[in-house]
Amino acid sequence: MSFTVGKGQLEEPVELLRIALDERVFVKLKGDRELVGTLHAYDQHLNLIISDAEETLQKAELDEETYEQIVRQERRKLQLVYVRGDTVFLVSPLLRHTGTFL
Amino acid sequence: MLSGEQSSASGPGSTAGEYEGQAPATRTPTHFLRKVLGRPVVVKLNNGTEYRGTLVCLDGYLNIVLENSAEFLNGELKRRYGDTLLRGSNVLYVGTIPD
Amino acid sequence: MSDALVDDLDKRVLVYLRDGRFFLGYLRSFDQYGNLTLEDATERVVVNDEAFADIPRGLQVFRGENVVLFGAVDSEQRELEFLRKLRRVTEEEIRRMEQAVAEDHAALRRRERLEWPAFDDGAL
Amino acid sequence: MFFTAILRTLIGEDITVELKNDLSIRGRLEAVDQYLNVRLAQVQVHTAAAPPVLQLLHGSCTVRGSCIRYIHLPVEKVDTELLQEATRRVAAATKETQTMK
Amino acid sequence: MAAHANQPSLYPLELVDAAVGTRVWIILRGAREFCGILRGFDEYVNLFLEDVDEYTYSEEGIEKQHIAQMFLNGSQICVLAAAPTLDGSQQLGCAYVPSSTT
């Protein structure tokens, strides 16, 4: 299949990452995980290497006493990580955000 | 969320006619994707998350770049993005939305 | 990589599967897909980090995609430490304990559902 | 193959492999293959809730690439500038082979 | 497997081809169904559909969304059939089993 057509400088979707190298990116991962960090390397599987990242993990937990479901956010810092591409849902360069970032 | 667009069922390029045997080249899924480049689309992922934005480009793996996009879960706006790259392996469908 | 794996051949190894099960045995062969064969294999079932049972499985072949990791375990000291911390029980006993844990979980989930009907997103 | 090459530059360094089942394993990187399967020496499992059976591991351990979520890399051993340059080079080369087809 | 030597065999994709131009019913993995006019398909059974209704089933009920034209990824398709008839002999949603009953 080859229906790669684009406008402007982007010919391949993954080229968005080339433009985003050395920039802050937002990454959404499987399992309600999100990362914000600086992108240093990528490949066509969306394997990534990211530094100075903050990871946010949404956890739905069950309160042992009231049996209510609570959504808890866990945050941690990742200095330098390789991120396996198959867990990636989306990558978005933060500098190119035009709208409000909720 | 999407109401009152029943009349737009036959979009651009869809001409009236009969289909016999092999679908004409203008009717292939690939042709549709080429045609919606630069137009507003809705991309739904396998987990139910929807992204609405302008289709900038895509490749054979269905990796997609959207411009000025917004993320919806269960019809609720979650987040806005400038440019965003969606990984093709999670894409369920790409649909048109009215301009 | 395969050069490195040759080091593990004929050693006693631990295989950890994607479904969370553990097998111990002698690694007799592997291939480029990561498929493994273990001779004299036992499945080690652990419940609540307090009791375990070794279930004889004989010769086992594992499909590579189901293997999370494997590695050599020939250290008597590690095995002794393990035996100090966990009590060895029979297969029947460990299955009873597993059953009890599963029922506790099911009860908790039933309560959860009464309070909060969970949204089923199917695809995940 | 590009990421295999990147990780191979770290052979001999201590890294932490975080699996998709939340398990974290630390060890010295011994080998990496094209599927990004990883072999670690002197492994230590240090997730609090890790199954006790994993404490039996002694010496080297092979982790399947597809089960990995993150690999935590040693900051001081990676030149991020170089990495970006290499990424740009690989991207350009990939594009060239695509246009040739 | 083949019915009879003299009988022409019908390949699955020929059946899909025969459905081009008609309204079809697509059941996906997960609690999702589509009903729309099949305009074309490719070797992966990715579909080009028009005038599509998407039905999402959950414990809260059925959610319906209309999409004028869409590309549907073939990898998630379980069943492709003729659209349900108006007399109700076939019903959308009949393949959906709520998770709470399992």
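Which chain is which? They are A, B, C, D and E, in the order written, and residues in each are numbered from 1.
Just so it is clear, a residue touches a chain if its C-beta (ideal position, glycine included) is under 8 Å from a C-beta of that chain, and two chains touch if they have at least 3 such contacts.
Computed from a predicted structure; not experimentally measured.
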Apart from subunit E, the contact-linked chain sets are one piece
Closest chain to global C-alpha mean, per-chain Cα centroids | A
Greatest centre-to-centre gap (Cα means) from subunit D is with chain E
Chain whose Cα centroid lies at the greatest distance from that of subunit B | C
Averaging C-alpha coordinates per chain, one finds the centres of subunit A and subunit E separated by a number of Å equal to 33
Averaging C-alpha coordinates per chain, one finds the centres of subunit C and subunit E separated by a number of Å equal to 40
Where the CA atoms of subunit A average out and where those of subunit D average out, how many Å apart are those spots?
-> 18
At what distance in angstrom does the C-alpha mean of subunit D lie from that of subunit C?
-> 24
Can you list the subunit B residues in contact with two or more other chains?
-> 30, 33, 46-48, 92
Within subunit D, the set of residues that touch 2 or more other chains is 66
So subunit E residues touching two or more other chains come to 30, 32, 42, 76
In the complex formed with subunit B, which residues of subunit A make contact?
-> 1-8, 10-14, 16-17, 26, 46, 85-86, 88-93, 95-102
Under the touch definition given earlier, write down the residues of subunit D that touch subunit C in their complex.
-> 19, 21, 25, 30-33, 37, 39, 43, 51-64, 66-67
Given the complex with subunit E, which residues does subunit B contribute to the contact?
-> 1-3, 5-6, 8-11, 14, 18-19, 21-24, 27-33, 36, 42, 46, 48, 62, 75, 91-98
Residues of subunit A that touch subunit D when the two form their complex | 11-12, 14-15, 18, 21-22, 29-31, 38, 40-44, 47, 49, 51, 78-84, 86-87
Subunit B to subunit A touching residues, read off their complex | 30, 33-34, 37-38, 45, 47, 49, 51, 56-60, 63-65, 68, 70, 77-87, 89-90
